[in-house]
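By letter and in written order, the chains are A, B, C and D; residue numbering begins at 1 in each of them.
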Amino acid sequence: MARTIIGVMGRGEGASEEETRAAFELGALIAREGWALLTGGRSAGVMDAAARGAKSEGGLTLGVLPGETAAGASDALDIAILTGLGQARNNVNVLTSRVVFSCGVGAGTASEIALALKAKRSVILLCASVEARAFFQSLDADRVFVAETPREAVEIARRLLRD
Amino acid sequence: MARTIIGVMGRGEGASEEETRAAFELGALIAREGWALLTGGRSAGVMDAAARGAKSEGGLTLGVLPGETAAGASDALDIAILTGLGQARNNVNVLTSRVVFSCGVGAGTASEIALALKAKRSVILLCASVEARAFFQSLDADRVFVAETPREAVEIARRLLRD
Amino acid sequence: MARTIIGVMGRGEGASEEETRAAFELGALIAREGWALLTGGRSAGVMDAAARGAKSEGGLTLGVLPGETAAGASDALDIAILTGLGQARNNVNVLTSRVVFSCGVGAGTASEIALALKAKRSVILLCASVEARAFFQSLDADRVFVAETPREAVEIARRLLRD
Amino acid sequence: MARTIIGVMGRGEGASEEETRAAFELGALIAREGWALLTGGRSAGVMDAAARGAKSEGGLTLGVLPGETAAGASDALDIAILTGLGQARNNVNVLTSRVVFSCGVGAGTASEIALALKAKRSVILLCASVEARAFFQSLDADRVFVAETPREAVEIARRLLRD
């Protein structure tokens, strides 16, 4: 049976230290649950930190990359999916993830949260601004959750997967 | 030389009457400017209203459809692009549009606004909620504009295209 | 009602003079039928020649480009669809075309012919090698046609659209 | 470091018994080499047989599915990538694979072989008809290999990966 895949989305280059720290911890906790981690795959910001976190606990890491080559891919990936789709790959990320976490919200992340909601995936927001929380909760109050810590975020995901 | 293409995004089934009325007027004004109109192509809500508005002024209408067939396409399309990409087609919509208008914001629309900003396209919001305005302006203050009327929205687009 | 769209596929850089001459004539004949022309959109080889042919007869020309920008697009396009999908855009080309013509067969063209057959579109081969004819006819004898001239190719398409 | 991923392509429903037998053996041999297996992911024909073969030797199996849900996915997948891209996912399959094997050639498989060659991936043909061999070798003599047995096919791949 296929592994449960959980996505962690967030900024690449523009990620804050708080966001990457949360992403690393999230990756580690995901691995400890036995879930496979999916990210946008690049060697930057939240994507890279989450993958490194998962590897620190021996997890399985997938990266769904925008380009046609592995250039710029995180070293912490077990599986590099080369899509050549540019940002259209964001929809692949969220369809493939049972639950989507975000650590901070850049434009790419915002598209992933919105596409996740369109695809009826639940989204758990970490390190989100007041504006991001208010907007996404106004968009779909039933599927958008806000967590204060990676541990709380994983707790919510565990509950969602049980239902 | 290729035609200037302007996108109008918004909800399908869930669109309000205010949103479809604005979309129809927007379509008509876009056609009067000599711009080609691009929508998500379906026979519903904002997509359909904008295309009918543009046709009422003899404009050229393109629809970039999610499915593999023309089933469910608006009757008001001149050109139906069948992508078979599902919501990944949202990125095609915004890359192809020189400027993106939104009439109201559902989850699909939100993904298009975010993808537009990621691709450095300007976005002009009509009928947006307080939360949507605040969030997208916090995401990219330089590229997000708010208009009160279709006429004002087209005026902003004209200025952006001139620059 | 949406226009009938006919695709012309073929090599970009590697196209032979025979292939581009046939593509230009095909484009012109497609325009004279009142059909809209679809190509891969680039300013090279068969794509460019077909678009120029269609414009020489006042036709409507669409290009479905692999990149995220209009760089490298043919000057003879009315409508430039920027997909950012790379070669995955080949499936958009064939889904959108009611009938697919090929002028010569490179690797990209071969993928489009195969995707067209997968999508149950008919394909009319011009300037095809003995190997290409034999292979594609072995793949789907009912949907693969061979024409000796652009005029004959258009005649076959007219018959297919009538049925 | 990311795992070496090897693709096995072939018909779903229309696959012959010879093709599925070869695919099962190929999957098993790929797993024994320590490579991860990639298929189109569906529970049919060559895709399913290759995945089951790889699991019989404890390999890691990825399926890149055309749909938005896991409905119709092979039970033998460890990782199900849900693309929602329809046949446009074929380009993801070949970009992600270091080497592409085919077991028999349907229309979908033919598109994958052609897209692989376009992306400069080597392709090793098993159970290919005379017409398929002749056509693909005429398309790219340097990158198309013909093997008589799964064992020979894997031997060729090993040599290609060493270079």
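Here is the rule we go by: a residue touches a chain if its C-beta (ideal position, glycine included) is under 8 Å from a C-beta of that chain, and two chains touch if they have at least 3 such contacts.
Bear in mind the structure is a predicted one, so any value in this text is a computation, not a measurement.
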item	value
B-C or B-D - the one linked by more C-beta pairs in contact	B-C
Distance-maximising chain from subunit B - centres being C-alpha averages	D
Separation of mean Cα positions, subunit D and subunit B [Å, integer]	40
Separation of mean Cα positions, subunit C and subunit B [Å, integer]	29
For subunit C, residues contacting two or more additional chains	68, 84-88, 91-92, 119
Residues of subunit C defined as touching subunit D within the complex	85-92, 105-108, 110-111, 113-115, 117-119, 129, 131-132, 134-136, 138-140
Contacting residues of subunit C [partner subunit B, same complex]	1-3, 5, 36, 60, 62, 64, 68, 70, 73, 75, 77-85, 91-92, 95-96, 119
Contact set on subunit B toward subunit D in their complex	68, 84-88
